[in-house]
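Some structures are shown below for you to check.
Two complexes, one shared chain (subunit A), two partners (subunit B, subunit C).
So, the complex of A and B:
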C-alpha cells in the first residue's frame, strides 16, 4: 500500500518536472537543455526574495520567482535561439551551454551546501492507507492534477493554446493560417520555464536547493519525454507513471542509488523497442532513419 | 558600396597542378600546415624552463583530440555528442585496469585501452544510432553522469578515490611527443578520412540520410563506423590523461571534458578539424590562467560559446582561411 501511495506521488512529481520540457519541444522543436537550470533559477530567486528582503511574503516571492524565470526563458528564445532556429546542432549546443552557464554560475556564486532551503507551505503529515504523507506532498499531487487540467483546458479552449497545437502538428499549415511561429515559440518557452519554476517551488521545499538537482531534473525530464514520445503530452503522464513506479520499486527492493540507472535503462529500452515512445505515433516515420 | 571578395591569384593557380611550378606557390600551400606542425613540435622546447606550462601542452593536445572527435561527429556525421567525458572516462578506466590490475606495461595498456574503450563506447551508444533527432545528444549527455553515480554507489574501481598507481611515462620528452605526434597524426589523418569514400558517405548521412539509404548503404552501419572512430580518438585521450596523472578517477567523467571540446569547435570553426584543434590551443591555456576562478571557467566558456554560435558562427579558422585565400575591397554598385 505504501508503495502505491509513494509511487503515485513520485509519478506526479516526475510529470510536473517534465511538462515544461515537453511543452517547449512539442511547440518550438527546441530541445531545451536549459530546463534544469531554469528549475534551479526559480528556486534560487524565490529563496533570494525570502532571505534577502526580510518580510517579503512567501506567495509574492513565489510569484516573483516564477515570473522572472519565465521572462528569462522568453529572453533565451528572443535573443539567442531565434537566430539559430532550425540549425539543430547549434540549438542543442546553445541551450546546453546556457543551462551549464546558469548552473555553474550559481554554483560559483555560492549555491553550495545545505543552507538553501525553501520553507514548506504547511508542515505536518497525514496518514493515507498506512503511509505517512506530509502536507507538502499532498499539495504536490493536488497542484499536479490541477496543472494537467489547466493545460488541457488551455490548449483546447484558448486561442493561444489552439495556436500551440496547430504549430505542434504542422508548422507550415499553421503559419499559412496566420499563426506567428516565432511568437508562439517565445510564449511556449515562457510557459515552459514557468512550469519548470512552478515545479521547483513545489518540489524544492522537500530538499535543499543544490546545483546537482538541476542536472537530475533535466535527465528525469528527458527520460520521461523520450519514453512518452518526444512532444506528446499524454505520453508524459503515462511515462512518468511508469518511471515513477519503477523508481519506487527499485528504491524499495534494491537501492536508492539506482534511480538514475532506471531512467537511463528505460530510455535505452524505449529506443531499442519503440523509438518514438509510447504515444509518439504521429512522428514515428520522421524519427527512424 | 558593396564588399567584394576575390581569390588571390596564387590560390587560383595553386588549386590546379601548377602548384609545383614555383617555390613560392609550394610555400603558399604548405606554409600554414608546416607552421602548425613545426610550432607544435617546438612547443616543449619553448617552454623548457616553465615546467608547469609544459604539462599544459600535454593536456592541450589531449583536448585537441577530443575536439577533433567532436567536430568529426557533429559536422561530418551530424551526431551531437554532449558527453566527451564519456570517452575519456571509459578510456582512462580501461588504461588503469590494464596497467594496475593486469600489470601490462604502458606501451600496451594505452593502445589496448583505446581499442577496447572504443568498442565499449560504440556498444553503449548503439541503441540511438538508427534514430534521427536529438536522441544521440540526450544519451551522450546522460552517460557520464550515470557512470559517475554507478561508480560512487557501487564503490567499484576504487570508488570515489579512483585507481591510483598507474605507470608514468619513462621520460618527459616521450610524454610530450607521444601526444603531440599522435594529435598531428589524427588531425591530418581525419582530414584525409573525411575525403575518402567512407567520409563522403558519412557526410551524405549528415545532409540527407534518405538518399544514402536509397543508394543501398546501411546508414546505421556508417554511423557505427563514425562513432567507433570518434570514440577511438576520445578513448586514446582518456587513456593518455590517466597515465599522465597516474590516476583514474571519477573526475575523468567531469564536465570539463564535455564542454571544452564543444567550445573549442565552435570558437575554432566547425567542420574544419584544424579549427577544432586551434580552438583547444586557445581555450586550454586560457583555462589554466583562469584556474583561480574554479567553476566560473565553465560559465566563461559557455558565454563565449553562445556568443560565437549566435554572432560569429563561422569561427576563427574559416575567417582566417578567407583572409588567407581572398582579398576584399569595396566596390560601387
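So, the complex of A and C:
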C-alpha cells in the first residue's frame, strides 16, 4: 500500500519536472537542454529573494523567481535560438551549453554545500493508507494535477493555445493562417521555463538547492519524454508513472542508489524496442494518410 | 487590387519562376495552369510569402540558396518583404498543396485554429458559413483531421483558410487526387465563396478542364514562364491550349 502511495507521488513529481521540457519541444521543436538549469535558477532566485531581503514574503519571492526564470527562457530563444532554429543538433548544443554555463556559473558564484534550502509551504504530515505523507508532497500532487488540467484547457480553448497546437503539428500551415511562429516559440519557452521554475519551487523544499539536481532533472525529463514519445502529452503521464513506479520498486527491493539507473535503462529499452516512444502518435498518423 | 510583378525565383542556379506577373482584381477568380514543375507552387509560395520562410530556413541550415526577385502589391501596399503571417493578416491566405490540415486536431479544432486572426464573433459567423458551404463537414466535427478522406480534407483545408477571413484566397491544386464528385463539390464551393463573399480567388491546377468554367482570367505556366494569358474565352479558343490542357 505504501508503495502505491509513494509511487503515485513520485510519478506526479516526475511528470511535473518533464512538463516544461515537453511543452517547449512539442510547440517549437526545440529540445531545451537548459531545462535543468532553469529549474535550479528559479529555486536559487527564490532563495536569494528570501535570504538577501529580510521580510520578503514567500509567495512574492516565488512569483519573482518563476517570473525571472520565464524571462530568461524567453531571452534564450530571442537572442540565441532564433538564429539556429530548425537545426536540432545545434539547438541541443546551444541549449546544453547555456545550461552548463548557468549551472556552473551558479556553482562558481557560490551555490555549493547544503546551506541553500527553501522552506516547506506547510510542515507536518498526514497518514494515508498506512503511509506517512508530508503536506509538501500532498501539495505537489494537487499542483501537478491542477497544472495538467490548466494546460489541457489552455491548449484547447484559448486562442494562443490553439495556435500552439497548430504550430506543433505543421508550422508552415499555421503560418499561412497568420500565426507567427517566432512569437509562439518565445511564448512556449517562457511558459516552459515557468513550468520548470514552478516544479522547482514545489520540489526543492524537499531537499537542498544543489547544482547536481539541475543535471538530474534534465536526465529525468529526457527519460520521460523519450519513453512517452517526444512532444506527446499522454506520453508524459504514462511514462512518468512507469518510471515513477519502477524507481519506487527498485528503491524498496534493491537499493535507492539505482534510481538514476532505472531512468537510463528505461531510455535504452525504449530506444531498442520502440524508438518513437509509447505515444509516437504523429508518425503513426502520417503513415496512415 | 492584387498584383505580383515580375516574380523570379531561383533554387540554386535553377530557375523556378521566370518573370511572371499576375494580377487579380477584386471579386475575380484567376486560374493558373501548368504541368508538374511548371512553377505553380513556387508562384503560390512567392505570393503568400512562404518562400521567405523557406529561404530563411535554408540559409540557416546552409542548404539550398534561394533567390527571390520581383514585387508583390496588395491594396496599394508593397508586400514584397512582408512575412507570411503578416500577409495572412493583410488578407492573403494560402490553402496549400496537399492540404496540410492538422492531423491530430479534430475538424472543429482545425477550423478554430484557422480563426486565429479573427474576433470571436467573426469566427462564429465564419464557422457557420463554412459549415453551410460544405455541409459534409458537419457530420465529422469531432473526428481527427488525419482520418478524413482526401475530399473531406480538401473541404476542411478550404474551410480553415476561410476562417481567417481572407480577401485573396490562394488555392494550390485543390483538386489533386479527388474523385470527380468531390472535384465538383470543391469547384462549386469555390465559385460560391466568390459569389457570396466577393473574395478574390487564385486557383492553380494541372488540368484546366474542371476549373475552366468558373475562372474569369487565366495564365498558363510552362517551365516557370507564363507563356499565355487571357480571358476564359480566349484560352478556350486557343488551339495550343486545347491540345495541351484539354486533351482535345
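A few remarks follow.
Just so it is clear, the second predicted complex is superposed on the first by the 282 of 289 C-alpha atoms of A that agree within 3 Å, B and C clash if a C-alpha of one lies under 4 Å from a C-alpha of the other, contacts with A are read in each partner's own complex, and residues count from 1 in each chain.
Following the convention adopted for this analysis, a contact is a pair of C-beta atoms (placed from the backbone, for glycine too) under 8 Å apart; a residue touches a chain by one contact, two chains touch by 3 or more.
Being a predicted model, the structure only gives us computed values, none of them experimental.
After overlaying the two complexes on the shared chain, residue contacts for A:169 are found with subunit C alone; subunit B is out of touch. Once the two complexes are overlaid on the shared chain, A:230 sits against subunit B while remaining clear of subunit C. Using the contact criterion defined above for the overlaid structures, shared-chain residue A:268 touches subunit B, although it does not reach subunit C. Look at A:84: by the touch rule set out above, it reaches both subunit B and subunit C.
Once the two complexes are overlaid on the shared chain, A:1 sits clear of subunit B and of subunit C alike. Of the two partner chains, neither subunit B nor subunit C is touched by A:129. Legend: residue contacts after superposition of the two complexes on their common chain; A:97 is shown touching subunit B, with no touch to subunit C. Counting contacts as defined above, subunit A residues 83-84, 286, 288-289 meet subunit B in one complex and subunit C in the other. On the subunit A side of its complex with subunit C, the touching residues are 83-87, 156, 159, 162-163, 165-166, 169-170, 172-181, 281-282, 285-286, 288-289.
Those residues of subunit A that touch subunit B in the shared complex are 31, 33, 80, 83-84, 88-90, 92-94, 96-98, 100-101, 104-105, 107-108, 215, 219, 222, 226, 230, 255, 257-258, 260-261, 263-264, 267-268, 271-272, 275, 286-289. Subunit B makes touch with subunit A in their complex at residues 74-75, 78, 80, 82, 127-128, 130-135, 137-139, 141-143, 145-146, 149-150, 152-154, 209, 213, 219-220, 255, 259, 262-263, 266, 270, 293-296, 298-299, 301-303, 305-306, 309-310, 313. Residue ranges of subunit C in contact with subunit A, taken from their complex: 48, 50, 53, 57, 60-61, 83-86, 88-89, 93-96, 100-105, 109, 112-114, 116-117, 144, 146-147, 160-161, 163-164.
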